[in-house]
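Input: structures, listed below.
Next come two complexes, and both contain chain A; in the first it sits with chain B, in the second with chain C.
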Partner chain A sequence: MITRRTLLKSGAAFTAAAATSSGLALPALAQTKKLKIGYVSPQTGPLSAFSAADSFMVEKFLASAPGLGLDVEVIVKDSQSNPNRAAEVAKELISRDGVNLILVASTPETTNPVCSIAEQEEIPVISTVAPWQPWFIGQQGNPADPASWQAFDYVYHFFWGLEDNIATFMNMWNSVDTNKKVAALWPNDGDGNAWASPEVGMPPALAAQGYELTDPGRYQNLTDDFSAQINAFKQAGCEIMTGIPIPPDFTTFWTQAKQQGFNPKLVSVAKALLFPESVAALGELGHNLTAEVWWSPNHPFKSSLTGESAADLAKAFEAAAKRQWTMPVGFVHALFEVAADAISRVDDPTDGDALAAAIGSTNLDTVVGKVQWGRDNVPEFARKNISKTPLVGGQWRRKEDDTFDLVIVENAGAPEIPLGGTLETLS
Partner chain B sequence: MMLIDTLAQGLLLGGLYALFAAGLSLVFGIMRLVNLAHGDLIILGAYLILTLATVTGLHPFVAVVLAAPLMFGLGWLLQTHLLNRVLGEDILPPLLVTFGLSVVIQNGLLSAFTADSRKLTAGPIEAASVDLGIVTLGVMPVLTFASAVAVVFALNRLFYRTALGRAFRATSDDQTTAQLMGIEPKRIFAMATGIALVVATIAALFLGTRANFDPSIGPARLLYAFEAVIIGGLGSLWGTLAGGIVIGMAQAVGASINPEWQILSGHIAFVIVLLLKPRGLFPRAND
Partner chain C sequence: MTINRNLGLGLAFVALALLYALPALAPRAVVQDLFGILTLLVLAMNWNMLAGFAGLVSVGQQAFVGIGAYAMFAAIILLGLDPLVGVLIGGVAAAVFAVPMAFFAFRLNGAYFAIGTWVVADIARLGISQWKALGGGTGTSLPKGTAKEMAFVDQIKAMLDVSSAAAADALTYWLMLSLAVAMLVASYVFLRSRMGLGLQAIRDNENAARSVGVDPVRLKALVFLLCAFGTGLCGALAFIQITRVTPDAAFSVIDWTAFVIFITVIGGIGTLPGPIIGVVVFYALQRLLADYGTIYLIVLGCLGIAVMLFARRGLWGMFTDRTGIDLLPLGHRPPQGGRVTSPTRRTA
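== the complex of A and B ==
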């Protein structure tokens, strides 16, 4: 059967034969061919906080590549935090730049369009920093029908999933004496609807452990007033608050909650509290809020590229970028670790099928933990394309100089990551 | 009890929307200019206050006093050198220019301040509240509402009690005749935009202490501001305040039924007002 790939190969062979027989002086392109790697991330726009470490990590990778015997070139593209733009740059990378491998990071809005294009074009992709459900299910032809879901041949993703985040939050709550009444602030967007889903979201997990949920309903992002929700939470007497709001909405909510006298014992918020800047913006009100932690300088892992520990890497980033470390730092580095490892294990990295197979058989200890696809901690249908990394719970502690430290207080899901302190309640 | 609380919170929210809308209303009322960059100019004001507060170590409430004259100057320059060139019979060129300005401001802020989400920190007052027995109101929202009333009151005094206000009204009513009376419309317009940006700076102070802001967040509230202006009636500043309150209360009532209804009920209130009174609640001019 003639596939696109075999056709291209025979076409190339034919052209080469024609060129030699006709004696035309063609440039000898194939001899010192660098391996081209495309990297797509949201470097500008509302998601750009995820990409603060990009240039630092690309330079680090290029500096260490010759030592590993790799002759590579990295072409960096900006998705501008826009899914359409992400798809466009992916096409450019494939058709114009002719890359052999694409790395993509940060949020389903960036990873999904790039992966979909690359899967069609049969270019291998390593992807990260998006919970696996929106990544895997979001790329299916019919996300509503699990029976129709199919695994991918060229795209591979490593991160954690919704179930890990829910478990991390609930482990924290279980360790504290509360009335088990939970207030939920879930917006009307992809994340909010996934968390609120009665099938795969938080409600069934809460019910199973005897928690009582107050969920006033989905609200629009960038809402200016949360009085209705706060009233509902106060009336229900909630002592735990959770949600997945965007940072400006969480600030509005939490300030109003304080003004209107809603004082829960524990606040565990996903997404809004990822970056130290968002927490610092809250000032005193940010103290002892809890969040999910995917990576920190205290993670006991080290880079397979440079041998640096997580702490070394964070320190080097802080020195170079002159800002506090953020969680994506480790993951962007790990992307290049996985790429370097896969490239070094194939004879001809320009062969997409061989490279994709090499990525799929990765078994590498990276700075974010073990990356290995096909493990049984992922449901069967997604196992081929998803490798889970550990998730723990952290609490933001305000320091004397108004900056915040993220202290790991919950590690039941990944006991190898050491605790930095014990969970404290707000009131 | 619940209803009173909902309405009170909605009223205070209306104050915030009225502050966003007041500058827009002023500019639209005088020169029929729809400023699509108004939201971004508010965010620019917030960054200016943030910078001044960081550099001088002043409280944002004091820094705003320094920021206001700078923003007035910016408004003056903007109108004199850019917007006056495109104002004319055709309303499309100024619309496109302000749209472009919005893109320029967003990207300028992005390269100067990065995409990090920032906030003006006002200290313990942020979480403070007053207990009125029936309802508990946050001090900051009350201040926001009071400022909105004060701004509208001051602008109204300016409009109806000063020579500058007379010139504003004359230019708005009939530009040619005003010119015959020795009024230079372009200078009047520059003053108006300057004042509008001072109002935008006050709005920036309250937006920046209420929630986080980043360079891309400006256009989000522009729609409510437009609706407040239209509900109130073009050219009426008290009308703009009323328009803001209508949207704020409608949103609060909608949210108390179901948060999914919050934004929608503001828009529904807007449509209802337009159906009943197509020229808004308190239209001033007949055009």
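== the complex of A and C ==
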């Protein structure tokens, strides 16, 4: 039974305990020789699906580190899917924990605040799982003015870009006979604005190949009525639908579209269809939707840390986590591969400048493909900080037991990745 | 009483001097922690002023934080001004925004006022998302090296013999500390003044206050504008440290209003030391529990409910009730001797 007295007592004890552990008392002065690596990702909140493989991969890395002669400690921090919190934990890692290297994964909401802070504090960062345009351009002071863009000295990113995603989607569309009328659902957020951009986005690519675009304008995330957009798409007679909504918005949109009789032949949606859970939530409506695929167990790559193939890695994850593999599994693993490789190539990894230089000169075959910065498949201005990994197109197939399989149906951008089937239309 | 008072004042000055000297004595992590604590403290004192003393329960404080942050970014990126000037512009912009906001929101009362301010804050968020020059919904970062090139950073760097990043930390920390001290002193002086009494009279019974000659609209508007200014300054300063702004982060109702309400309620709404106690408790909980994910928010919620049920005037209120000790008392002692010329007032 709680009385005011006991509450006061326990409250006081709680506060006292908290005060002693709050770090205000005495900073730790003892310096170990261990290299400290900070790892930031959205482990809770709306983006937590990206982080399902985190603890599994950190353990795997720590288990294999002694074999590689690395004496490391990994400090894991949760961004809570909140950019303010991401900036806060980055500061904490740098000034409280004194990390020598930060690894950060998943969506610009987490990668960008962490990279901005680390660049200012001159701590090297390896970053992944965010298309490179929102990552690079989003961190510039004035994203609208390309002349003012500057390269970074300490932060390095590997992933694919919008141009790869657009090419993958359009290759799929080109292989099917349609009226070439495209419906676009682009929100007013980092990804939506990048896709809709008349300079780097999809509109110029569509125009170049004779597609006709219907873009009803940017909408706010978590909209609950898409009738206006659906009407515009129906009136224009669109047979192809694309966009980059967040998963709950796509579920709302697609259910309403079906109710209101919008029946495109092909639906290629980025971001919303990455995870089997979000597709399964659509039930029958999820069958044969297409999405970008950045990693799968069928990718012909293997880990430089453990020698496991992509298939082995996915199987190990499925056994440990008791759930279907997801694309971030490979990328979180690759993050630690790149880190281990860079650390082993410098004499003193606690020297931030040397470590940053080592990361910049990486040339490593990882479980997600080759990671090497400075290659010419990235525009000049971003080449120093961006390394591109291959991207293919996949289609979700509903199975008898209501689960979904992701089948690779398009590989023009990366022919080394085998096809698993052929593209099917919805109607 | 006077001896006690002088002793108290002396102790306060020593504590304050220690806080100001901190960047020279303590490691950066402590300075950054205290910056975070002071940010929440300033926000909580502003909200306490509105809700605890003026009866204006606003759930739209994030509007002022966001406007302050965006005005600061605009001043730096679009006008090329020094970040410190940007902070000032941020405060002014928030106060200017409060004028139309007050015009609409003051037509509403109680719960309607709370919802109204939230709506206005969301309108501001949606409006700012359309501002393409600052990245629209994508947001933007401070240009590289902004913090290092801030005014006074070089002098602090030389004085403390630290890196420029640490000097920038020290500078923003001093500014936030000064803002918190200024808020506390100004609140105390204001609340002890004639206007402060009027304000609390309005909170307790608006009609009765009007009947004795207090102008409610004028007083409430004044407090609302000043608190908007303080909150805007605080938001702009906080975002110099965050270095990156997006509409969702700058207008986050959880970060800038929900936590602040929690702090004030836990510490003691309607008391000046309340927010200070609340922020200490909140910060301790955050440090202890933040790595446990959602459990952290569940514990915060349960604690909030427990305090509201069992200690309705917060931890500080409970402390004064039991001990009779009240730092920064807002009541006035009855006039000494002979005739009583004015009724005795005690704040609830």
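One rule holds in what follows: the second predicted complex is superposed on the first by the 395 of 427 C-alpha atoms of A that agree within 3 Å, B and C clash if a C-alpha of one lies under 4 Å from a C-alpha of the other, contacts with A are read in each partner's own complex, and residues count from 1 in each chain.
The definition used in the following text is that contacts are C-beta pairs under 8 Å (C-beta built on N, C-alpha and C of every residue); 3 or more make two chains touch, one makes a residue touch a chain.
Here the structure is a predicted model, which is why all the values come from computation and not from measurement.
Enquirer: Tell me which touches more residues of chain A here: chain C or chain B.
Expert: Tallying touched residues of chain A, the top partner is C.
Enquirer: Let me test your reading of the model: by the given contact rule, A:Pro297 touches which partner, first (chain B), second (chain C), both or neither?
Expert: A:Pro297 sits against neither chain B nor chain C.
Enquirer: Please work out whether A:Pro46 is in contact with chain B alone, chain C alone, both, or neither, and reply first, second, both or neither.
Expert: first
Enquirer: Looking at the overlay, what does A:Gln150 touch: chain B (first), chain C (second), both, or neither?
Expert: A:Gln150: touches chain C, not chain B.
Enquirer: In the overlaid three-chain picture, which partner chain does A:Arg218 touch, first (chain B) or second (chain C), both, or neither?
Expert: both
Enquirer: If we overlay the two complexes on their shared chain A, which of chain B and chain C does A:Gly192 touch? Say first, second, both or neither.
Expert: second
Enquirer: First (chain B), second (chain C), both or neither: which does A:Asp78 touch?
Expert: After superposition on chain A, A:Asp78 lies in contact with chain C alone.
Enquirer: Have a look at where A:Ser116 lands relative to chain B and chain C in the superposition and call it first, second, both or neither.
Expert: Touch status of A:Ser116: second partner only.
Enquirer: Residue overlap on chain A between the chain B contact set and the chain C contact set?
Expert: The answer is residues 44, 188, 218, 220 of chain A.
Enquirer: Going by the contact rule set out above, which residues of chain A touch chain B in the complex?
Expert: So the residues of chain A in touch with chain B come to 44-49, 188, 216-220, 222-225, 227-229, 231, 247-249, 251-252, 255-256, 258-261, 275, 277-278, 281-285.
Enquirer: Which of the residues in chain B end up touching chain A in this complex?
Expert: Listed in rising order, the residues of chain B that touch chain A are 2, 5-6, 9-10, 13, 16-17, 110, 114-119, 121, 123-124, 126-129, 136-141, 210-214, 216-217, 220-221, 248, 251-252, 255-256, 258-260, 262-263.
Enquirer: Of all residues in chain A, which touch chain C in the complex?
Expert: For this pair, the touching residues of chain A are 2-4, 7-8, 11, 14-15, 17-19, 21-24, 27, 43-44, 77-78, 80, 82-84, 87-88, 91-92, 95-96, 108-109, 112-113, 116-117, 119-122, 134, 138-144, 148, 150, 152, 187-190, 192-194, 218, 220.
Enquirer: Going by the contact rule set out above, which residues of chain C touch chain A in the complex?
Expert: So the residues of chain C touching chain A come out as 26-30, 32-33, 36, 76-78, 126, 129-130, 132-133, 135-147, 165, 241-244, 246, 248-249, 252, 254-255, 280-281, 283-285, 287-288, 290-291, 293-294, 306, 310-311, 315, 318.
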